[in-house]
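Report on the structure given below.
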Amino acid sequence: MTAGTVLASSFIVPLFMLVAALGQRTRERLSDLLPFAPLPALLAALVVPDGTIVVLPRSLLGITLSLDKPGAMLLGAASLLWIAGGIYARQMLQDAARAVRFAIWWLTTLSGSLGVFIAADMIGFYFFYTLVSLAAYGLVAYDETAATRRASTIYVALALLGEAFLLMAFVLLAAATPGNSLLISDAVAALRSSPWRDITMLLIVLGFGLKIGLVPLHVWMPLTYSAAPIPAAAVLSGAAVKAGVIGLIRFLPFDVSLAGWSEVLMVLGFVSAFYGVAIGLAQTNPKAVLAYSSVSQMGLLAAVLGMGLGSGSRAALLPVAFYAVHHMLAKGGLFLALGAAAARRGSALLVLVPTVVLALALAGLPFTGGQLAKMAIKDPLGDGVASVLAQISAIGSALLMLHFLYLFRAGIAEAPADRPSAAAVVAWLMMVFAALALPWFLFPTLDGASRADAFTLQELWGAAWPILIGGLLAALLWRWRTRLPRIPEGDVLFIAERCAPTVSRLGAAFERADGVLRQWPIASMCVALLVVLTALALAMPA
Amino acid sequence: MSGLLHAFTILAVSAGVVFFIAGTVGLVRFPDVPTRLHALTKADNVGLGLVVLGLLPYTGGLLGALKLVSVWLLTLLSGAIVTQLIARAVR
Amino acid sequence: MNSATLFGFCSAAIVGLGLFGLIVSPHPLRRILAFNLLGSGVFLFFGVVARRGAAAGLGADPVPQALVITGIVVAFSATALAVALVLRLFALTDEAAPTSEADPKAGAEGGHS
Amino acid sequence: MALVFDIGIVSLLIAIGAWMIMARDTLVAVIIFVVYGLLMSIAWVRLSAVDVALTEAAIGSGITGMLLLSAAARLRQTEGAGARPSFPVCVAAGSLCALISAGLAGVVLLPADVAPTLAPLAVANLADTGLENPVAGVLFAYRALDTLLEKVVLLLALLGVWSLGSDRAWGGAPALGAYVPPNDILVFFAQVLPPIGIVFAAYMTWTGASHPGGAFQGGTVLAVMWLLVMMAGVARAPPISSTKVRWLLVAGPALFLAVGFLGFVIAAGFLAYPVDYAKALIVLIEIALALSIGVTLALLAAGPPERTLQP
Amino acid sequence: MSTASVATTSSGYLLVLAVMWPVIGILLSFVVSGRQIERLAWIVLPVGLVIAGATLIAVTQAGQSQIYVVGNWAPPLGIALRADGISVAMMMATAIVICVTGVFAHGEFSQPPGGPEERAPVVFWVLLFAIWSALNALVLGSDLFNLYVALELLTFAAVPLVCLKGKKETVEAALRYMLFALIGSVLYLLGAAMIYGAYGTLDIRLLSERGHAEPATLIAASLMTIGLLAKTALVPLHLWLPPAHAGAPAPGSAMLSALVVKGSFFVIIRIWFDAMPDLLSFRAAQLLGALGAAAILLGSVLALRQQRLKLLIAYSTIAQIGYLFFVFPLAAGLATGVAWSGIAWTASWLQLFSHAFAKAAMFMAAGLIAEALGHDRIAELGGIGRKLPITMLAFALSGLSLVGVPPSGGFSAKWLLLLATVMEGQWWWAVVIVLGGLLAGGYIFMVLGRLLASPTEVPALQAPVSRWRECAALSLAICAVLLGIWPLQSSDFLFIGR
């Protein structure tokens, strides 16, 4: 039973810390608790054996928790990232006016983000998913500027839209499962024979696609990550996005080969992968570049999941989880690098070298976690068109990362040196070490994979040539950088903003209709009209 | 005996009705308010009196007759008061 | 075509008139008047139902008649409250804008004070 | 022959109803309403519902007419308020209302083969209530809960009217008759009629148990007499905070409720009466109700408190 | 006429107490002088809560509805009171909301010590008792005319509550509310008359045995339903609700939005699910559902566009009422025992109760904010939430329940409603429900954003807000969230006596 309580404590402890916010005295010290909140989750990821299932009492919504291998991997990495983010945030909130409110939103998002990896029933999953996506609003809207207000409004609107898709999908799943069981495993098993299979799959892909930023649902990502403060951007781009990945892992029916949907996912994935790189190159803000890199990497993951769906086997799940873990650690590290660089302008070299390694690791630099991640997803991709596209996307992400490094170095040069803060650097170094070392420990857990394979010449060269070509392209790009187009963050968003006036005109039409309806003669005539209509509706043979 | 009573009732009630008609014609034809009031109260009270007189034999018992007469007396009282008030209000 | 059916048609007509009066009257007092007319039409319908239910030596079924008596008293208390509201509304309107012509039109200004 | 009289009544009623809706001036419409009320009470007599005819005459056209008349007089200057809705709206409203009344007429036309009635049941059980007037039996025995709740509705309406007074006038007296110039004719009338009225009301309440009449009609006559006295200035309207008035208001429903709860003990349940002295209890309740209805209706017509209490 | 005599059950007396206890409160508060009325309230409120609790326990233990034949006259002639699962649940919710409103209103409507009797406190407490008694009578009544008198009692208690503050626009709102509610009750009365003309009885249980689809019954049913729609303010008959609920004092609008509007809805349910169980044709059910959908969309969009917080919440009430009317198209198969009609039935009651708690809490919170700021313009809320943390929490929790975020009762209701639409195959309702949730999310987050915003200087508190009034609002919001624990399948408690 202790494993169960440890597992449950991973999401209950942060929520419990929220209670501390009510007391006047404990409220000031809330921001100091941030780094310690994810510790139970880390413990759970390490200690709790796979496959443990615990059903919480009815008073806690009867949520069922279970830990499987991908969940444990993601939970461990996410808690590491949240710890690092917590260290950074604690230092940032030292004297900030809105520290308490940020801490409250932080703890809620943290609880949701960790809970989502271990939820085993639909209601629990939806509860955690709502926590992580709606509570992030507070993190994004921390800086109180016009840009952050616009970003947080768009974020909340799209988050609510995603919630709506998922709610409908879960209801369709629940309707198809025999008996009243709300377990995800039963629901997905019953999906094959459900009369609403395609609509459910569409809603699942839309809901989780919006979370992982598949094109065209990615528009909120660049806005949100550039508006959010550094620690928030790190945890949101690292851990929170993975809620979508675990959602796809849990809810896609891998044990039956759904032909149509695997192609859809692959197309969406690869389009996002290349689109992310293309638009990322046209960005000037390093945070936006990282955001578009997330769009690209998540697109790649979606493509791998599509292939797994097509092959009808669950083999692709663990590699996807492994790739996601590496991306989480690397991306978190890069965001924290931005913070650390801003904080320690002095020895630029000390900050630059690890960042270069981390950035190229995302593109699959040999001897790094990236290479292992690329190797892991090679078998599910097979050797057809998909693996070629994957190689090309590796080149693209290498190019994008070099572009980021160029901006990063320029950023360091003229960043205002406020004061070197130890916490920021500690958090960043922790992430760098985790991103480089952790994949090596986790790699053997993948079935049929050993560390030794990574050192064969053929593998090393396979990982190196995309980076070399990327470097070549980057050099070319550097010469024509002046003529590169500047695309505003959230590129296709301006189309949405252009149709905003039509929406407000629709609202005004509603208001006029209400004005007419609320005049006395019209309203009382509606009474008479409804009496006649109801009488006719009742009288006519049904 | 009842034939005589019937004749008496028909006679009295029809006389009453004639007075009512006279009162209404007065109300319609007369030029200003006081004269109309005058016509109404005079004619209608007498008319009502005759109708009550005509119906007395059918009330079945003294109590019914007394009630009918009291109706007439009350109408007389309220008619007079109201006419005074309207006349005073109009002047 | 006995008298009960005749009064039934009368009540139907009066209900129609009352409802029409409620819809088209602009002044709240006229609406209260139309409400009373509509109410008396509905009570007349009760009376017709009672008259048709005449049995066991009674001229009419006593239950609907008792309901009508209760209904009339309730209708009166509704009228009293509504009239008091109208008087209070115009008193406040005069207080607020004695010069401008009082305008309790049933426009849509609703609660946008 | 009687049918001709009925047709006359019905056509008059409909004509007056239409005239009332179409009248331009509100005061004219109210006067027509009073006439309509009196005609309606004749219609009730034709439907052999004498109790209802009395109630309609007393409450339906009497006190309601008086209330509307004083309101219309006071609001004469707001006459031009608002325009009638546009023509198409009137036509649409008219057609919809015509449709509804046609539906109603259709329902009236096709009665059930044997008209369902509760008359036999009511008469059969009347003996237990000790009353001879079946309508009083229904009001005070079979559906006593409705009558009790309706009394509470009356009290609430009164409280609603009182709540419309201003804060500082709370506890003061309604301004009825406070401004009327000394008018000897009205004073004479207010001294002659009330004694007759009170005797008449007492008789009406007393006979309610066996003949048409009862607490409501008696109470209304009492109310009208008190209003006449107040309007003539013979007696001033009582302050609403006077305990005597409050007790009088509550006496009727409180006694009714007490007897109802007593039913738990001495009879079969709530609002049940022991068979042998059911009539005594009911008459007692009727008297108390008549008193409190009289005071309630009078204060309802008198309106919200306006004059603050002169200490 | 088969007069299967229905007998008073063992704990039937509780039903009489439930209706008559607040009436005793009313009569006493007329007599007792102004200052003791609060003490009277401290007696009436807890005892009323105990009565509601006792009835709840009695019905759940007995497993079948409790009946009380008033005056020992069997129904066709006399009146019976009947408490089944839904009425006892509604009674419990009413008791809780009214008691908390009483606690909340103690600060605002208390007599100043010494000094003459004040107007507002006396009137408020009497109206509170009257609303309670009327709702209990509505919920327990099983005779159509008795329900009419209860509806009138409810309207007469609600109208003066709207214009208690005496401002011009509240008096005008009260007048429009009064007249529209009167149209509703007259049409209801006309329907009742036609039903009596057709079947010779007004008792709901006897009607369900005798009722059959003939023109008179159908016209009567439509008249009654539309009359009650006017009192429930379903679009397009919602002209009176926004100014009335926004203008009333905070505790008043809490009771109006949470309870009074539900009273007439309860009677519609009695008509279509008890009196005439299988007469609701598919088209009529779709019409009611369509009106509900229109209410959701119009109410939510207009709530998004409001400038004043109380008007926003009033329009949100109009939207949330729309959800209730999906019970007619979805649970139509209830009589014939279709499985998922039970889910739709449970869903709409869950929605009704969670909306009652959430909306009462939200109006109280808005009242506190308006009191603290002196106005309730949303644009200038200026982060007042940081000065009133508990009010802020109450508003957030009730908002989340309205939007339907997981731990709350609103979510369970929305989940079950969606499940019912899917099972029933009427997917168009699902689209409206989800869209309504989105729009609700929109206006709740708009207000939360303004409450949490931190401009350069947060406006000073004009009037100190006492702590326990905030806790009263928070307690109701927590009730709305606790309803989330309700098991997510058709609950048999709501089927007692069906």
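Chains: A, B, C, D and E, in written order; residue numbering restarts at 1 for each.
In the analysis below, a residue touches a chain if its C-beta (ideal position, glycine included) is under 8 Å from a C-beta of that chain, and two chains touch if they have at least 3 such contacts.
Everything numeric here is computed off the predicted structure, so don't read it as measured data.
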item: Minimal step count in the chain contact network, chain A to chain C; value: 1
item: For chain B and chain E, chains touching each; value: D
item: Higher-contact pair (C-beta pairs counted), A-E versus C-D; value: C-D
item: Chain closest to the assembly centre - both centres taken as Cα means; value: E
item: Chain at maximum distance from chain A, centres defined as averaged CA atoms; value: B
item: Euclidean distance of C-alpha centroids - chain D vs chain E, Å; value: 31
item: Whole-Å separation of chain centres (CA-atom averages), chain A against chain D; value: 71
item: Chain centre separation (chain A, chain B; CA means) in Å; value: 96
item: Shared interface positions of chain C, touching two or more other chains; value: 15, 19, 22-24, 31-32, 45, 48-49, 52-53, 63, 67, 70, 74, 77-78, 81, 85-86, 88, 93, 104, 106, 110
item: Of all residues in chain D, the ones touching two or more other chains; value: 85, 89, 93, 96-97, 100, 103-104, 111, 115-118, 122, 142-143, 146, 150, 153, 156-157, 160, 164
item: Chain A residues counted as touching two or more neighbouring chains; value: 514, 518-522, 524-525, 528, 531, 535
item: Chain-chain contacts as defined at top; value: A-C, A-D, A-E, B-D, C-D, C-E, D-E
item: Chain E contact footprint on chain A (complex, rising order); value: 22, 58-59, 61-62, 97-98, 101, 123, 126-127, 130, 134, 137-138, 141, 144, 149, 152-153, 156-157, 160-161, 163-164, 167-168, 171-172, 174-175, 180, 182, 196, 506-507, 510-511, 513-514, 517-520, 522-524, 526-527, 530-531, 533-535, 537-542
item: Complex interface listing, chain C residues touching chain E; value: 15, 22, 28, 31-32, 35, 38-39, 42, 45-46, 48-49, 52-53, 63-64, 67, 70-71, 74, 77-78, 81-82, 85-86, 88-89, 92-93, 96, 104, 106, 110-113
item: Chain D to chain A touching residues, read off their complex; value: 85, 89, 92-93, 96-97, 99-100, 103
item: Chain A contact footprint on chain C (complex, rising order); value: 19, 22-24, 31, 106-108, 110
item: Residues on chain B engaged by chain D in the complex (per definition of touch); value: 74, 77-78, 81, 84-85, 88
